[in-house]
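Note that the chains are named A, B, C, D and E in the order they appear, and that numbering of residues resets to 1 at the start of each chain.
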Amino acid sequence: MESVDLLYKAIYIIAIFGITLLIATYSTYFERKIAAFIQDRVGPNRAGPLGLLQPLADAGKLFFKEDFIPSKSSKALFILGPGIAMLVATMSSAVVPFGDNLIIGGHEINLIAIDVNIGVLYVFGVVSLGVYGLMVGGWASNNKFSLLGAIRAASQNISYELAMGLSLIAILMLSGTLSLREIAEQQQGFNWNIWYQPLGFLIFLVCAFAETNRTPFDLPESEAELIGGYHTEYGSMKLGMYLFAEYINIFVASAVMATLYFGAYNFPFMLELEAWLVNATEDAVTANNIVTLIGVAVMFAKIFLFIFFFMWVRWTLPRFRYDQLMKLGWQILIPLAILNILLTGGGILLKDYLF
Amino acid sequence: MNNIPEVIRTIPLEYYLYFSAALFVIGVIGVLTRRNAIIIFMCVELMLNAVNVLLTALASYRGDANAQVFVFFIMAVAAAEVCVGLAIIVMTYRNIRSTDVQLLNYLKW
Amino acid sequence: MEPTVNQYVPSDYLPIIIQFAAALGFVIFALVMTHLLGPKRKSEVKGAAWESGIESVGDARTPISYKYFMTAILFVLFDVEIIFMYPWAVNFREFGLDGFLQMVVFMGMLLAGFFYVIKKGILKWE
Amino acid sequence: MTSIILLSVFGIANLFIGFMKSKRILLPLALLFLLIVFAVNLFSWNDTQSYFNNMLTIDNYAVAFTGIMTLTTLLLLPFSQRYVREGDSNLAEYYSLLLFSLVGAIMMVSYENMLMLFVGIEILSIAMYVVAGSNKKSLRSNEAALKYFLMGAFFTGILLFGIVLIYGATGTFNITEIGAAQIATGGVMNTMFILGLLMLLIGISFKISAAPFHFWTPDVYEGSPTFFTAFMSTVVKTAGVAAFFKLMAAAFAASYAAWFPTMIAITVLTLVVGNIGAVIQTSAKRMLAYSSISHAGYLLMSLVAFNEKSASSILFYSLAYATASITAFGVLMLVSDQKGSDKYEAFNGLGRTNPLLAFAMTVSMLSLAGIPLTAGFFAKFFVFSAVLQESSMLWLVVIAVLLAAVGIYYYFRVVIAMYMQPAENYEKIQVSGVASFTLIFISVLTILLGIAPALVSDIL
Amino acid sequence: MITALLLFWPALAALLVLLIKGQGAKKVAFVAALVEFALSLFALSGFNAENGGTQLALNFPWIESAGISFSIGMDGISILMVLLTTFLVPLIVLSSFKHDYKNPNVFYALILFMQTGLIGVFVAMDAFLFYFMWEVALIPIYFIAAVWGGENRIKVTFKFFVYTIFGSLFMLAAFVYLYLQTPGIHSSDVNAFYQLALSSGEQSWIFWFLFIAFAIKMPVFPFHTWQPDTYTESPTQATMLLSGIMLKMGIYGVIRWLLPIVPMGVSQWDELVLILAIIGIVYGSIIAIRQRDLKRLVAYSSIAHVGLIAAGIFTLNEQGLQGGVIQMLSHGINVVGLFFIIDIIFSRTNTREITSLGGITQNAKALSIFFMILLLGSVALPLTNGFVGEFLLLSGVFQYNYIYGAVAGLTIILGAVYMLRMFQGVMFGTKSEATESFTDLTMNEMAVLIPLVIMVFWIGLFPNTFLSISEPAVINLLSIINR
């Protein structure tokens, strides 16, 4: 890879990183706004126009709070916990393709941070590291509620990871590759995976909710039972990081879902549009860049939709009971996912043999 | 641009060998010197992973899929070992409230 | 493994380092900043673990329900089995019907274990 | 191959049958399963087949050892009556684990590829780690399981590294090809190969508890529930030695000169440690543990002899040792259940209270000691004659003979206790019908093999 | 076929006896032993005494692939040993009638079972069969001695057992080595062994391997330490079996399996063996003189006698060998008789101390006479069986070396000293507390002693009856030795 390419890549990565943080920050704002909307109230409206500066105010508050460490806790681990959570959350967006190729000055830039052929595994691997953040934090606090919350979180995460992994297999069987970019490319136009994998998507969606500890799966931090869950003892920016990580995770989960099932940056009549643009502008590069940018926009639109969906659900559904949660994960989703694999496999084979 | 096996081959085989041998020896030393059952166990896992590293390197150098398959099996077996091993450690922990192997001297070593 | 159409060199993974550096930088920056900015006032009561306002009793590091532990162990097992399916899934079309049937046998075993676990009541909470 | 599949299926089936209310059906069912496997296995005789791209080869060697191991398990099962009686909730699991571990054992005697060797060893070992700790409340059992597991995993690592180094040197996992590779290079071996070979030797020596890698054996054998100790010291050992010999014969025949000095040192050390260690024990169970080390030594003797007689002598020795050990551990189990002790004193007066048990135990002790009229004699005889085939190893036989005489000392302590020592109370030990029958069967088998060894010794 | 019948009948009878509850077992055992004796006489009738080779042979493969066969047969030496066995066992069983052992069925079954082993040793013509039978004979006697023996039995019998096994393992090793030297698909037949051409170095160590095994059994000084204790602690029947028959296994082993196989080894070491044997003679005799316990006394005398037999055999001449054979018979008869008489005395007085006995002649005339005859036979008075054997043996030793002969000759003098001292102490003098109400022999005891005494005189007066049977075999053996 040439150094120029690398430079572009670095710029792109920083950009995505910034966008990620921005979206995460503003998710908190939207969350409250949407909650307000659903509950028919106003929501934040003091800081700045429409309360738009509210997230900054929140962040500032967190920064200026006391950086407090409980006396009986394990100091190093106590700091490490939120660090890991944040680190992992920000790392996982690296393999998501936010757009197609952008051609600048003759250099072709893939709008994907790291284009590796094991993208799916990468996401999987990095996301499952997130459990450490919770576990380490909860354990380090040396507080029974924290510990219980952390363990709940951990066992919930790993339980749903199984079903998630199984539901992904069906996608892989369809696409035959582990690279997220290739998966995205295969969904050219309107040929989205959701049409072939409705069941798989459903399973994945449920798992994504569980993985991000969102309602209705937010048992680790269910206030009524466990106070703050694993972050009971946390304050200042360390607490902020846990909260932040959660929103980043929502963002990444949405991005992954969009990529896997909803065609990523692809939108209907994309090729036709590009062909028409080439005709109209008589410049293939420009046409390509325009389409790519539209694709990026489409991608973010999809992501926002999912984020909205996440919030919508939060303010709509009640929380599961723990036994229901585990039962759903193990006894319903896993068999369903396996069924899905069998159906997919059978379908593919049937198609290959018959046609 | 070239494929992964070739990429791996850009580093001399000896380096992989030394690296995995070093990992392995660290594991062995850990097993022999540590007293905490869990750490001993982690050292054992380190040994297994040293093996995996070497196998992968060799597989690329030889273009032989057998070694890669072997890695898979080692991983699967290691997982099974983890399950059984942790279960045993937890069982012991519940009885003696410690994972220090030196405390277990009901039987002569 | 089959060499894929797209080919990769080690430097393809360089961006990971960039991303990691960025993430790490942010984390360290945030933690240091909050440490510097915030006030520092310590007291014994404040330092104690918070247990709904009641004085905390004993150490938190007590063994908890073995159910969680069982879940973890089962996860390790099943996760590895699932990982086994990934290469198969990627090359599914190549293996064709034979591969499919073999995987059905594999999944049969997996399911047998799964149902055993369920029947054994390990996943029963409460 | 059929037996592997059948055992796996039966094992799983057994798990589910365990959910039924009545635990009584489990034992007969497990016996039936094993009988079927035993019978099915025999059909593969003289019908060599390779499976999985030559990764497994079911030849006569494999069939013979499979037969022995299945038979051993079959004969061992009736002694699980304690678990049956107490209605242990995990009974089905124990049986299944035994069935599964048999799968591993069969893989160990029929592998053609080191991968299968590794997988076989692990299937066997992991099941054993579990059963070693199956007495959850007993600290001894816990400790045994933990030690066995940590040590086992550690040596598995070493074994694996050895396999990989051998692969690095030869480029294959197939044992026949490894053997051929050495011949092709004229027996030239590089450091990698030697190192790998050494680590392999260490790894497998651990599994068959050869000195100096035996240190876990007495503890684990003593701590584990006796029923499983019996399984470990018979089936596991048989599989280990059979696998060891297969490996050496197929893969490292050309480098005999390289591993011979190491192996002979291990053998002598094993013999000495096993026999001397057994002498100083006060617990019969621990004595049996040491004695199993010493028998590993005798088995290794025929391995180091490394000639055409080795295979059949290992086979016969394994069978003789297994049958005798089942009785020994079986009776020990019955006695220690009743008396709550596994010291020699627990056997006092057994000759008066339970003549059958005492007789069976005597036969088994005589067999273990290698006294004629029992299978043990011919076992030792075949081993010694295999070694003497190489006239340079006469001294090894001399050492072994001396140590065999030492062996008589500790085996006879049991016999003496049973017949000649007065007991505190003469309470008859309750023995189930099927266990009695098994004891009689094994005794008859032991004596039959001691009179007509050709029944087994000539088949390989 | 008759040989196989001889071999297996006692084992079958043992199983039968095992099934009989209560004291009836002894009768059945006695009848079975008598049947066995009849069988052996029948075998003798079919035996051609002119022939020096193996007769009445039976041979079928045992472990085919290894060339090991179940090969049995008898030559002149074997059949005498078999006759001795079959003759003594019924008497030994009969001698036990006054005892009520616990678990009689097991006791007698073991005796009969042991008989199989003993006969097996004498008829085996295959090295491994020989070894096999050697051990088969050992196990029952161990249990008899260990279960029904005296106070110290556990330690003592265990010592005995370990000693013997230890020796026999050496023998096994030597056999295996020899077996592997045989050409082609190996064979362990005795004749195949005879034909081996071994280097003198090989012969030398094989000699010691085999010799240690046999020497322990005999026992030859310095391998005798197990013997006096074992004889003392064992029940009388076991002592009789041990001294009367089992001891002969060792001597027979030397004759059959040592001398002809490693003649060069023998010629290298026979001087040393002779010296050992003669030391044994003198040592045994001197210790015997100092003994106060009757059983121990006879035990040590046994060492002396066996020493002489060993010395005679290792001279490797015809007199020596013939003397050895005939002395085996005589010693078997005498020593069984003596032990039986000691048992009788013990059972009536509860002591075996010479000092606490005395004056028995006054109450028991018949016992005195029988005792005297057996004792004189034992000290080799002319016209008794002991004389023939000792004469031949001594002349053999004299032929070999005058000095050795002279020293070995001491045995007669010393033997006379301790035997007569014993007789005097026990039978004459004043009655002691213990012998106050001594009763004479019962019919049952007479029935045991009469055949023994008859044999004492038969061998003493007509030794040729037996010598002629063994002579061709001995000559044949010598020709093999001097090949």
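As a working rule, contacts are C-beta pairs under 8 Å (C-beta built on N, C-alpha and C of every residue); 3 or more make two chains touch, one makes a residue touch a chain.
Everything quoted here is computed from the prediction, not taken from an experiment.
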So which chains count as neighbours of both subunit D and subunit E? none
Under the document's definition of touching, what chains do subunit A and subunit B have as common neighbours? C
Could you tell me which chain lies farthest from subunit C when each chain's centre is the average position of its Cα atoms? E
Comparing each chain's Cα average against the average over all protein Cα atoms, the nearest is chain D
Which chain lies the greatest distance away from subunit B when centres are computed from Cα atoms alone? E
Quick check: which two chains are joined by the most contacting C-beta pairs? A-C
From the C-alpha centre of subunit A to that of subunit D, how far is it in Å? 54
I'd like the Å distance between the centres of subunit C and subunit E, where a centre is the mean of that chain's Cα atoms. 81
Approximate Å spacing (C-alpha centroids) for the pair subunit B, subunit C: 19
How many angstrom lie between the centres of subunit C and subunit D, each centre taken as the mean Cα position? 40
Multi-partner residues of subunit E (each touching 2 or more other chains): none
Would you pick out the residues of subunit A that each touch at least 2 other chains? none
Going by the touch rule stated at the top, which chains touch which? A-C, B-C, B-D, C-D, D-E
Where on subunit E does subunit D make contact in their complex? 61-66, 128, 131-136, 138-139, 143, 146-147, 153-154, 158, 161-162, 165-166, 169-170, 172-173, 176-177, 179-180
What part of subunit B is in contact with subunit D in the complex they form? 17, 24, 27-28, 31, 37, 40-41, 44, 47-48, 50-51, 54-55, 58, 62, 64, 66-67, 69-70, 73-74, 77, 80-81, 84-85, 87-89, 91-92, 95-96, 101, 104, 106-109
So, in the complex, the side of subunit D touching subunit B is made of residues 115, 118-119, 122, 126, 129-130, 133, 136-137, 139-140, 142-147, 149-150, 153-154, 156-158, 160-161, 164, 167-168, 171-173, 192, 215, 218-219, 222-223
Listed in rising order, subunit A residues that touch subunit C in their complex are 1, 6, 9-10, 13-14, 17, 21, 62-68, 70-72, 79, 82-83, 86-87, 90-91, 94, 113-117, 121, 139, 141-148, 151-152, 154-155, 158-159, 161-162, 165-166, 169-170, 172-173, 176-179, 182, 227, 232-233, 236-238, 240-241, 322-323, 326-327, 330-331, 334-335, 338, 341-342, 345-346, 348-349, 352-353
Touching residues of subunit C toward subunit A in the complex: what are they? 4, 6, 8-9, 11-16, 18-20, 22-24, 26-28, 30-31, 33-35, 37-41, 44, 46-52, 56, 59-62, 64, 68, 71-72, 75, 78-79, 82-83, 85-86, 89-93, 96-97, 100, 103-104, 107, 110-111, 114, 118, 123-126
